[in-house]
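Labels A, B, C and D are assigned to the chains in the order they are written; within every chain, residues are numbered from 1.
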Amino acid sequence: MMASVDTAALVDWIHRFRDVIADKREWLTELDSAIGDADHGANMARGMDAVVAKLDTGVPDTVDELLKTVGMTLVSSVGGASGPLYGTLFLRMGMAAGPVTELDAAALAASLRAGLDGIVARGKAEAGDKTMFDAMAPAVDALDAAIAEGADLGAATAAAATAAAAGRDATEPLVARKGRASYLGERSAGHLDPGAASTTLLFETLAQAATESS
Amino acid sequence: MKKLINNPADVLVESLRGVARAHPELSVDLENHVITRSTPKAQGKVAVVSGGGSGHEPLHAGYVGVGMLDAAVAGEVFTSPTPDRVQVATKAVDRGAGVLHIVKNYTGDVLNFEMAAELASMEGIEVGTVIVDDDVAVQDSLYTAGRRGVGLTVLLEKLVGAAAEEGQDLASVVALAKRINSQGRSMGMALTSCTVPVAGKPTFDLPDDQMEIGVGIHGEPGRHREPLAPASDIARQLVEPILADLDVSGPAIVMLNGMGGSPLIELYLMYGEVASLLEEAGVQIARNLVGDYITSLDMAGCSLTVLKADDELLRLWDAPVNTPGLRWGA
Amino acid sequence: MKKLINNPADVLVESLRGVARAHPELSVDLENHVITRSTPKAQGKVAVVSGGGSGHEPLHAGYVGVGMLDAAVAGEVFTSPTPDRVQVATKAVDRGAGVLHIVKNYTGDVLNFEMAAELASMEGIEVGTVIVDDDVAVQDSLYTAGRRGVGLTVLLEKLVGAAAEEGQDLASVVALAKRINSQGRSMGMALTSCTVPVAGKPTFDLPDDQMEIGVGIHGEPGRHREPLAPASDIARQLVEPILADLDVSGPAIVMLNGMGGSPLIELYLMYGEVASLLEEAGVQIARNLVGDYITSLDMAGCSLTVLKADDELLRLWDAPVNTPGLRWGA
Amino acid sequence: MMASVDTAALVDWIHRFRDVIADKREWLTELDSAIGDADHGANMARGMDAVVAKLDTGVPDTVDELLKTVGMTLVSSVGGASGPLYGTLFLRMGMAAGPVTELDAAALAASLRAGLDGIVARGKAEAGDKTMFDAMAPAVDALDAAIAEGADLGAATAAAATAAAAGRDATEPLVARKGRASYLGERSAGHLDPGAASTTLLFETLAQAATESS
């Protein structure tokens, strides 16, 4: 059982996230067709492919450099709403993590909290706006709560993933108040938010990486 | 999907390659998808940059040239360009007097241009921003992403480009842009969905006997769907929400815009319909545009934009403009 | 049928009503479907008249103005106008120096303009005629109606309009027109059929995975049908038959034209493809047009026109033109 | 049994032709969709409606004026290939008929022959080009032949109608050499020519009018 994630585990996370995005690309695009502009799958795939290509040329030694590289690559390859938002998540995570080589559960949670705050600072999303926030905020809260209750890294990230999925599912009945879906008004209800769906994949792969990385 | 393309993923860069070949008066950076004038404007003048997702041609690349934009940044189809590329454009055209960013109000565009403005200010370039949000189809609210930026963008780029060309400073150009944004409104409709190349199929299903009222320019579903109606009825559904939102009695600049898949014969017919309704309502159409100016790929349909005008705006409108998409006096 | 129209039978006149409202610089005779310049050219200059079936907008009404046509006569959709209406136009614009009729080579157009020329000569107006027949898709033969007049018509109207504007006499203008016709070729293709409003359904059925090569501008079936292919392959199928028919090495004016339903992003992509092929073959593209210039209602597809140029033609090309559809230098 | 057609019978013919064109309008357009531009039905209907409307305002007293009015109205209302061709047919028929008030079988045949010659002068069609000529020429020939054999007006025009229909049917396998259909080359084979189809209706209604007009 791991007590912390090192840069290798974080790189593993990034690869897993890229793979599952590639896998679920059509589904994410379907979700975005219903209430957006049919590109969330393509956007995330383009971004994560760029991130993996970038890391293939060399992995930084420290967690902050690694996460900032991921963030900058997303910012400069995705565009759309998800580019600056996911990019900001990783940039702020890196800034919060500092020049370390691994993160224990508490440090990982603090880093993710900083990332979430960054997304809010950029996108001004609130709970119930039907955005990625609605999956991410419960996930980060669940991570904090599990750690406070003494859960280990694997259990805590698994709890976060479960909370993300619940948050994602809870976006279905919501009327969107942020992003493109908000243009639809009442017609946005009855569909999952694509960003909440990709965020859930982010936390699910984090839990996998935290448990299975060697 | 029936399109004149090769690999769907290459549409943007291959189309830009055609723009580069067709327009020696433009410089096309195929790596960053940035289009600039081959001959930059004089030092000391404000530069005007716009950009956003592709699929709205001639917007924005087609409006680069004397009297309009200094640079356009083309994102992937319907996807805002990234901040670093906006920054490439901003740096390329800054002539020491600051740069105006014209941004359509979509979360992606707003966030990416915001980050780009941060990058520019880190490099000592003064950036002013106008967010265009003219689409009355979106029920406005402080608690949402607000209205979309659509047709007014074309008129605003023309007018603000003229002001920058004649040497107005950044503060004046920004103030003008915001004033124009406050005085213009648009409303759109679709007969068919568009098909995003990488998606490969229509974004929404619209039965043969239905149309979508209040659409944007990205194949987003609109305000509501209803049975196909005659042009006169469609015209009413475009004019009324605009007039309900803004008092535009008096002189106006009016654009009847095609969404990409509707032929000119239909657009002129629609223009005839909206022009009578507007005139009945006391609008005096001083200038007009009829044609494909801000499109949504191959979507059939149209949008109406009405901008309340005055002598100042009409003077700027009549100033020479020389771009692939809009040209007069030059 | 999804169109921005009212009663299908009223499309032409209602569309012309929109043209009239949008363009105060044009006079639109709604009874005869004749469009003239509001300010006629000077006495003693040759007048240029064109016309044909509607559904090809901006052709021809969109090319009326200084430097191009003096009048356009709009027939019903895809149906040549009648001789009496051509005669109304001819009489309206004659400035004492004779009138050139630009006629696309379709039996209907040829016969109706022929009768119109007879009427004009009965009234003492000298008429010269050029029949445009540039479509290489049609296997030419002395024993058929011959090749269709398509894209070259746009280029010819511009060039001949410039010559008439600068005061060349009727014989020179006719000779120039015939020379241009002999030096230009076109080839078109379609991804979809068009739908004639009064017919209410597509003229031909084209399966989702098929395209039609060698189409005209009236929804006529083409040379052959084949599986959808990438743009690069389509470009080859447009360029090769043109180059096989005419030696166009050296300077040329090239138009990549949209058929009405294909968006500009695709047309620029296609232009990039054809431009490389032409340049590889030794054509030096001196001027170009990319966009919807001669359409076939809502048909998706494109056509390529290549006109062998020289200094004289380039000079006429660059002369000012001020029409709704083509404008520069004014 | 009638020995001649007077202006009333000719007006009856025109009305019958207008009615059957209205009736077969879709079919004519279908034929034109296959090898032309899908407007022959609309063109003929527009023209014949205009002709009937014109005659409603007053019928000329003489055959030549009547036929010239029909021809001029067709010329100025149809456009397309069929306008000048059908228009010329009636104009030349009128010129050949002269200022009389009725045509006997021989005069009718001579008038139609002149009209046919006019069409050929304008359109340069030859036998087998797959045009209206291929129905009209056999019809006029048959009329002449029947009269030469002593047939009365009813029988002679009936023979003309039958010959027109045969001529029309014979256009099916032909490869077009005139008109829009010629652009199709080999692909024009296997379809009836729309103009030959409307011409057959013209002769069929003539036979009806010649037999049934009172």
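Here, contacts are C-beta pairs under 8 Å (C-beta built on N, C-alpha and C of every residue); 3 or more make two chains touch, one makes a residue touch a chain.
Since we're looking at a predicted model, the values are computed, not measured.
Engineer: Give the fewest steps needed to get from chain A to chain D, where each step moves from one chain to a chain it touches.
Structural biologist: Minimal hop count between chain A and chain D: 3.
Engineer: Roughly how far is chain A from chain C, going centre to centre by Cα mean, in whole Å?
Structural biologist: Chain A and chain C have C-alpha centres separated by 55 Å.
Engineer: Centroid of chain B to centroid of chain C, CA atoms only: how many Å?
Structural biologist: The separation of the two C-alpha centroids amounts to 29 Å.
Engineer: Mind checking the centre-to-centre distance between chain C and chain D? Centres are C-alpha means, answer in whole Å.
Structural biologist: 32
Engineer: For chain C, which residues are shared contacts with two or more other chains?
Structural biologist: Counting only residues that touch two or more other chains, chain C contributes 77.
Engineer: Give me the residue numbers in chain A that touch at least two other chains, ranges are fine.
Structural biologist: none
Engineer: Connecting every touching chain pair, does the picture come out as line, ring, star, complete or other?
Structural biologist: Looks like a simple chain-to-chain line, open at both ends.
Engineer: Looking at the whole structure, which two-chain pairs count as touching?
Structural biologist: Pairwise, the chains that meet the contact rule are A-B, B-C, C-D.
Engineer: Across the complex, what residues on chain B touch chain A?
Structural biologist: Its residues touching chain A are 53, 75-85, 106-108, 111-112, 114-115, 137-139, 141, 143-145, 148, 196, 198-199, 203-204, 216, 218-221, 223.
Engineer: Quick one: in the complex, what on chain A touches chain B?
Structural biologist: So the residues of chain A in touch with chain B come to 29, 33, 35-39, 42-43, 46, 75-85, 122-123, 176-180, 182-185, 187.
Engineer: So in the complex, the part of chain C that touches chain B is made up of which residues?
Structural biologist: 2-7, 11-12, 14-22, 54-55, 57-58, 62, 77, 191-192, 208, 211, 228, 230-232, 234, 260-273, 275-276, 285, 288, 290, 292, 295, 297-298, 300-302, 327-330
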